[in-house]
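By letter and in written order, the chains are A, B, C and D; residue numbering begins at 1 in each of them.
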Amino acid sequence: MMVVMTPDATPAQIEAVVERLEAAGVHAKVMPGELTTAIGAIGDPEGVREMGLEGLPGVDQVIPISRPYKLASSELSHHEPTTFEVDGRRVGGGETFCLIAGPCTVESAEQTREVARVVAAAGASMLRGGAFKPRTSPFSFQGLGLEGLEILADVRAETGLPVVSEMTSASVADRFADAVDVIQVGARNMQNYGLLEVVGKLDKPVLLKRGLSSTLDELLMAADYVLKEGNERVILCERGIRTFDTAMRFTLDVGAVPWLKLHTHLPVIVDPSHASGDRRLVGPLSRAAAAAGADGIIVEVHPDPEVALCDGPQQLFAADFEGFAREVEAHAGLLGRRLA
Amino acid sequence: MMVVMTPDATPAQIEAVVERLEAAGVHAKVMPGELTTAIGAIGDPEGVREMGLEGLPGVDQVIPISRPYKLASSELSHHEPTTFEVDGRRVGGGETFCLIAGPCTVESAEQTREVARVVAAAGASMLRGGAFKPRTSPFSFQGLGLEGLEILADVRAETGLPVVSEMTSASVADRFADAVDVIQVGARNMQNYGLLEVVGKLDKPVLLKRGLSSTLDELLMAADYVLKEGNERVILCERGIRTFDTAMRFTLDVGAVPWLKLHTHLPVIVDPSHASGDRRLVGPLSRAAAAAGADGIIVEVHPDPEVALCDGPQQLFAADFEGFAREVEAHAGLLGRRLA
Amino acid sequence: MMVVMTPDATPAQIEAVVERLEAAGVHAKVMPGELTTAIGAIGDPEGVREMGLEGLPGVDQVIPISRPYKLASSELSHHEPTTFEVDGRRVGGGETFCLIAGPCTVESAEQTREVARVVAAAGASMLRGGAFKPRTSPFSFQGLGLEGLEILADVRAETGLPVVSEMTSASVADRFADAVDVIQVGARNMQNYGLLEVVGKLDKPVLLKRGLSSTLDELLMAADYVLKEGNERVILCERGIRTFDTAMRFTLDVGAVPWLKLHTHLPVIVDPSHASGDRRLVGPLSRAAAAAGADGIIVEVHPDPEVALCDGPQQLFAADFEGFAREVEAHAGLLGRRLA
Amino acid sequence: MMVVMTPDATPAQIEAVVERLEAAGVHAKVMPGELTTAIGAIGDPEGVREMGLEGLPGVDQVIPISRPYKLASSELSHHEPTTFEVDGRRVGGGETFCLIAGPCTVESAEQTREVARVVAAAGASMLRGGAFKPRTSPFSFQGLGLEGLEILADVRAETGLPVVSEMTSASVADRFADAVDVIQVGARNMQNYGLLEVVGKLDKPVLLKRGLSSTLDELLMAADYVLKEGNERVILCERGIRTFDTAMRFTLDVGAVPWLKLHTHLPVIVDPSHASGDRRLVGPLSRAAAAAGADGIIVEVHPDPEVALCDGPQQLFAADFEGFAREVEAHAGLLGRRLA
């Protein structure tokens, strides 16, 4: 941390900061500047932040100079990317592209099976499908629950596709551990720390979605919650952030993909469906994600989106999926990736 | 809902929308305009939204024209404000101002007791104190947990101050029901729907904080989750939102106070400490909240903020609290309110 | 500036940064930390920022540690507030509160005169009124232009109220210098640097509105553009910022008032009308501004807002202005201020 | 426009709205719903908005149901894209990709010539270069001004590359008309309506950058200002928006590309340099722009970015440009585009 004094701070005020730091066991290095004096505080950054030095006379700002995440940092892995397999599909590492597709919500065995066949035939890597749906209003459809998980497990057995599904509560962790291959933590739960610790203890890969208004630093700190439990198979997912513009449902932060590639060793995928909320934009955004270097996408597909129980406008028509997949694959191919 | 067609939509496309609405049991009213035709869809708004009409040829937008929250709406109560007592302190109703104060975190019995005595002497209505602290990084101090709850219960017995504390997990709901008078749901859990349903079932007032990036509509829909369980004692809390400006930790949305007063019957308070992250701003923001018509504030106070284990820079010095309280009380008094 | 190296930066990479800084005449101070090494760059901050050191191997971040504004800084004035008079009304300095009121747009001599009489009778300090209106769409009403300026000058002569009006183009600077007492630079022009330099050269007080999405640092840098031309009579105005929430037109950043009081010597006022876009919120927001320590407000009033040519929904009814003024005055009075 | 009544609005209140609309010559259509009554106002939307009906008793909201831009709308052109040539390079229309490249700022004839040769050799369509630089602080380098324009004109003559440069003031319009081929209006001037009208009258293509915090609707309304002067050669440019996250300088809104393609006939390009502020991200963002369907990019290149006078960290090394161009070209090629 760096403690920056105001231009008119007195020597006694500077000395008082130094004394307080050293009393707390933090080494202090005074650095006089042209306008202001800065004091480097060399020690545990969290500890220094908590000291509340901003309140001392003559202190202007306390500025962090180290990154706040630890285990997710690319330096920890010496810039080696994390890579692992989900039932034979390789995630991360730069040579594959994970095409995860399926309905927003599991509505019935028939609907799920139909989508699964279509996406499997087009080369999808995994099947997505929601059984427990967190909804903004308590009066909206909340998903089939455990029945939905059973449908997913059946369809997995039939098609061989690994399954990704969102877990919203620790109380059903055992059932998820049985039924799905990748446990999704949704955007609204990115800072539900109790849930993160639970999924960190399950022996399953975790797909961690960025919160609607979470910084990239916060996303990596949320990943730290899972990693510190010993679970190293974490996939990060950019899914659109909330901004001032409401032309689209959210704003896809495509720059998050290369930024995360610089700062973390974890795989990074993109959810173009929730980002846009509009199927007409899903193709362009998926191609953009592939071109930006994402390790995959997770996309919603429905046999008949116009009768979908949830998020109809953003789901691709199953009949269009084959053409969509070929376009995305071509852009990923230019970066040397094949479908996982 | 209103379905707005594009200017070049054909009569057949308009008819197709009408047919789809009526097939779903929704009454459709066609309204030709100068440039575009709009179709009113009269029926369950959620149901119409889920139909995904945006995907149909000739459809430009589907616009909601009713408010998305129900139980929290001021119309439901015929514009009568909700008011209730917490151990004799009246919340809501326009004649009282709740001054809730205490340390960010319960660090020890001594620290908590000292603050409680100071704020009680200055006329505080309730004591706040965190036992379970949700922290962005897993490596930060997370609170004393159950031990903290016990300290709060002891200090309540000694001082007679009702206690407000944040519950982060349903697993400790019973302990909270015993130890505290008002259960706080924090900003990061505003959309943790499982938790909302649990607190909705406890027979305790709930202090529901607005999420860092939640719209006011979303705050009221979150309140609906609690209200629908039969718990009508919900206090809403504006605590600063995340914006582009980082001069302060968050941006206090003081306009939320009068806006909420127009649209909901629930009491509204303000948290100036978390909004600003800077004790020098807490006085002005507290006075502004009172002047804007808030039903109270919740503010952090510490005997020695410079050694606080959490959020030191934003906690008021206990020694300054009496003067602070008198200023806020004066502004509330201009609106006809006395301290609860 | 502080150059922060990555944890795995080599000694040679650190040395390369030092050499580059010193070659540019900037003194470099190496500060090894536990995880990372930081290098203090002591010299012109702009110059160091422009060097683009982020691109060098081993460099993680370049962090500014001095404030980017200069002339507007409170340190420059040794924490003495700037204060001046506008035709006998004192602005700034903590003992007065400027109540600036009038129609959004000058529509006619009659309408302007009527509002002026009402606000003068209620103790307003100055009259506002728009002659040149910047409009988002080219097809909206753009104001009466020079004819509007003449009406304002006439009404000033009749009522004795000093006049505030927005100038949108340097081409009419001479006319503004004759007709108005305070020249307003609107939010959309806060970074129109050519315009700022022109108003900096006129011998008139300037009311500088914060841009819709401008940080407070940027507002003070914009003030620097005016101040460096020798014009020291600058009034800053918080008028609501653009955030993710659309419940209100903008989000009033009331915390900007005390923050600016800490960091600049310039007077600070608030525009509650544009912030909310809703007259039902103007009273609460005006009281909040006064309670937070603002030096005044600028508020819209119309004899019959429902037929106003511009921004009808946010203008106060002239008939309600007297009561409104008394409420705001009472809150300002608690801080020891009287109407200017 | 749609006037939505509150659920408890009385028939008399509904009638009062209808009467006011009809008195203003607007046709009103009452549409009773289950919870609320809506009243369609069929007529000039701006006129209805200005009426301020939100203030009437029983009125909840006034909602626009037509798009606020007119001339830029894709419906106006019957979904035919606008396309035109700049000195033989075709812009818009789907078959070409405009690769516009050059230094942030014209620093000298040598530097500009060197970059121009490199980018011309790599197939660039046009040369960019700033002569007048709008800077946040008045104490930063502001560009060479007219001397910079002359350098650009000379380099154009030598290399045959058409030139794009930003005009910040109407006072130099004649000089720009002589020296450059495409006049850029920068993000900070997107709502400088006087400037837009001036460039609308020049017989030159205009590159209009989106404001840092402008909605896409506002971008199209700004384009309307140029189009209504008779200048139909407008290129829109997404250059990153301001959001809550500061990991990158701005957030590139890549979804703006396909959204604009749906809603306007104008060509759309992307500026990855200003969006990211970091050259390590420029390659991925440029590829993403091409994959999303942009008509081109405008990118900064410098012979030696580490000594650049402006925005060094985001400028590509000239030595890397050839490889960069081939990657972007490959992604554009997948969409059937060749370099313009």
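Quick notes on this one:
What we mean here is this: contacts are C-beta pairs under 8 Å (C-beta built on N, C-alpha and C of every residue); 3 or more make two chains touch, one makes a residue touch a chain.
Note that this is a predicted model, so its numbers are computed, not measured.
Counting C-beta pairs in contact across A-D and across B-D shows that the higher total falls to A-D.
Where chain B touches chain C, over half of the residue numbers in use are shared by the two copies, so each contributes mostly the same positions. For the pair chain A and chain B, the distance between mean C-alpha positions equals 26 Å. If each chain is reduced to the centroid of its CA atoms, chain A and chain D end up 30 Å from each other.
Separation between the centroids of chain B and chain D, computed from CA atoms only, is 38 Å.
Counting partners per residue, chain C has 213, 242-244, 246 as the residues that reach two or more other chains.
Across the complex, chain C is touched by residues 20, 46, 50-56, 62, 68-70, 134-141, 168-169, 171, 188-189, 191-194, 212-213, 218, 221, 224-225, 228, 242, 278-279, 305-313, 315 of chain D. Of all residues in chain B, those touching chain C in their complex are 213, 215-217, 241, 243-248, 251-259, 262, 275-276, 280-281, 283-285, 287-293, 327, 330-331, 334. By the touch rule above, chain C contacts chain A in their complex via residues 2, 4, 6-8, 29, 31-36, 38, 40, 42-43, 60-61, 63, 65-67, 73, 75, 78, 213, 242-244, 246.
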